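Just so it is clear, A, B, C and D label the chains in written order, and each chain counts residues from 1 on its own.
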Amino acid sequence: MTKEQMQQFFADEFPQAEFTIDELGHRCATIRKHIEFKHLRPGGTVSGPVMMELADAALYVTILNEIGLVALAVTTNLNINFLNKPESEKDLIAECKLIKVGKALIIGDVYLYSEGKEDPVAHAVGTYSVPPKR
Amino acid sequence: MTKEQMQQFFADEFPQAEFTIDELGHRCATIRKHIEFKHLRPGGTVSGPVMMELADAALYVTILNEIGLVALAVTTNLNINFLNKPESEKDLIAECKLIKVGKALIIGDVYLYSEGKEDPVAHAVGTYSVPPKR
Amino acid sequence: MTKEQMQQFFADEFPQAEFTIDELGHRCATIRKHIEFKHLRPGGTVSGPVMMELADAALYVTILNEIGLVALAVTTNLNINFLNKPESEKDLIAECKLIKVGKALIIGDVYLYSEGKEDPVAHAVGTYSVPPKR
Amino acid sequence: MTKEQMQQFFADEFPQAEFTIDELGHRCATIRKHIEFKHLRPGGTVSGPVMMELADAALYVTILNEIGLVALAVTTNLNINFLNKPESEKDLIAECKLIKVGKALIIGDVYLYSEGKEDPVAHAVGTYSVPPKR
């Protein structure tokens, strides 16, 4: 699958998903979100739920790239630590890699960055339940 | 603080926060969100990020009710398990209670329900970092 | 199943499991561990891994009571927050209740207490993977 | 600090801590535990609590290497995912790296391996509360 095909899948199926796919690799992917005023909270930082949403989306993209475009993959657990204050005027970037691809569960690790910054703004680990036969 | 005052605080400071406060109690609170089409994902269920956002908001409301309307409380960790498929046509309700009120960290537990259903749709535990002197 | 039968199962299968079952109920259980010198860390408090072990054991007991004495239930995720310093001279008590009993995953919530104290010393949420046909 | 000094600190202060320090680096460390019969559970696999204990110890070693040998660092949160069945006859190895070194909280990421195997057996993320002035 190319990243254009994956991007098209999200445009068709999840039109409200506002992110761009930068890279799709073997059990890894990088996506980005343009930060706008509506994503900020007082103090000029990106809101926590925007970061959670992007982390979850990065997991979903990476998992679909592994198992194919099945709609049935669902998040069962997400654990997120907020590490540093994100920049309000930079894109938010999520780098995901899968750490376990099992028959029923797939687990991945996501680092979130403000573009151009070295220290991550958040780190998440998420589990998806996937259809058993694929 | 009354729930009307708390609701007004969110209307002023977080106009994009779309929830209503049902109850404010001692170290507990219940809030609700009206589910609209934009909150759904394919299959007619509420999207995970909408649930994460409401769980985080329930923690924030309950913590502000405990420590006063300081803007400096920030989420440091959120762990969420998705338990059952939410209903697309019911309000989503979040019941939070605090399980630790420390000097620097406050931890709370949140159950999310589709209105009128007994089984929770999700369960979250979150930690906020709060200003040390208050 | 009676708690004596469950206790016997652990004595036979997990002889190193050092806890006593106080109560077995519908999707809930309470177990306790006698704290000895070997369970302490400097400062006279119970070590974190002892608490993690008891939380995991409480989940296992509660889940086996639900699904029968199958050996195949395994922990897939455990999230624990340490809340208050446990007492070195009190039994450690774990109260577990199941919050989701699914076909493949069972999730439970555990509060740990030093006996006789009202505030919990830790709170855990754990997920077990269970055999699909039972 | 050398790894011999760190090892000596654990021998003095935590004599029950049964692990060896393989490497100490900048914000990272690798430790190992020799697996014995008492660490196994039925089916010939390493018990979950043994893995949780080693993950927590790896975090503690890495954090002490960063902040000095202060006894006051305590775990506040640990989230662990069990990924693959560990080998009963191999050492268990924990590789930790710190992902956030803050004034009050330090967060690290730990992968656990059975020696010689490529796929991790578990992955943990843990938070320690550390003394504010150091």
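Convention: a residue touches a chain if its C-beta (ideal position, glycine included) is under 8 Å from a C-beta of that chain, and two chains touch if they have at least 3 such contacts.
Computed from a predicted structure; not experimentally measured.
Give me the chains shared as neighbours by chain C and chain D.
Where chain C and chain D share a partner, that partner set is A, B.
Is it true that over half of the residue numbers where chain B touches chain C are used by both copies, so same, or is it different?
same
Averaging over Cα atoms per chain, report the distance between chain B and chain C in Å.
About 28 Å separates the centre of chain B from that of chain C.
Taking each chain's centre as its mean C-alpha position, how far apart are chain A and chain C in Å?
33
Counting only residues that touch at least two other chains, what does the list for chain C look like?
In chain C, 76-77, 79, 81, 127 touch at least two other chains.
Within their complex, state which residues of chain A touch chain D.
Result: residues 79, 81, 83-84, 99-100, 107, 109, 111, 119-120, 123, 125, 127 of chain A touch chain D.
Can you list the residues on chain B that touch chain D in the complex?
Per the touch definition, chain B meets chain D at residues 76-77, 79, 104-105, 127, 129.
Where on chain A does chain B make contact in their complex?
So the residues of chain A in touch with chain B come to 13-14, 16, 38, 41-43, 48-49, 52-53, 56, 71, 74-82.
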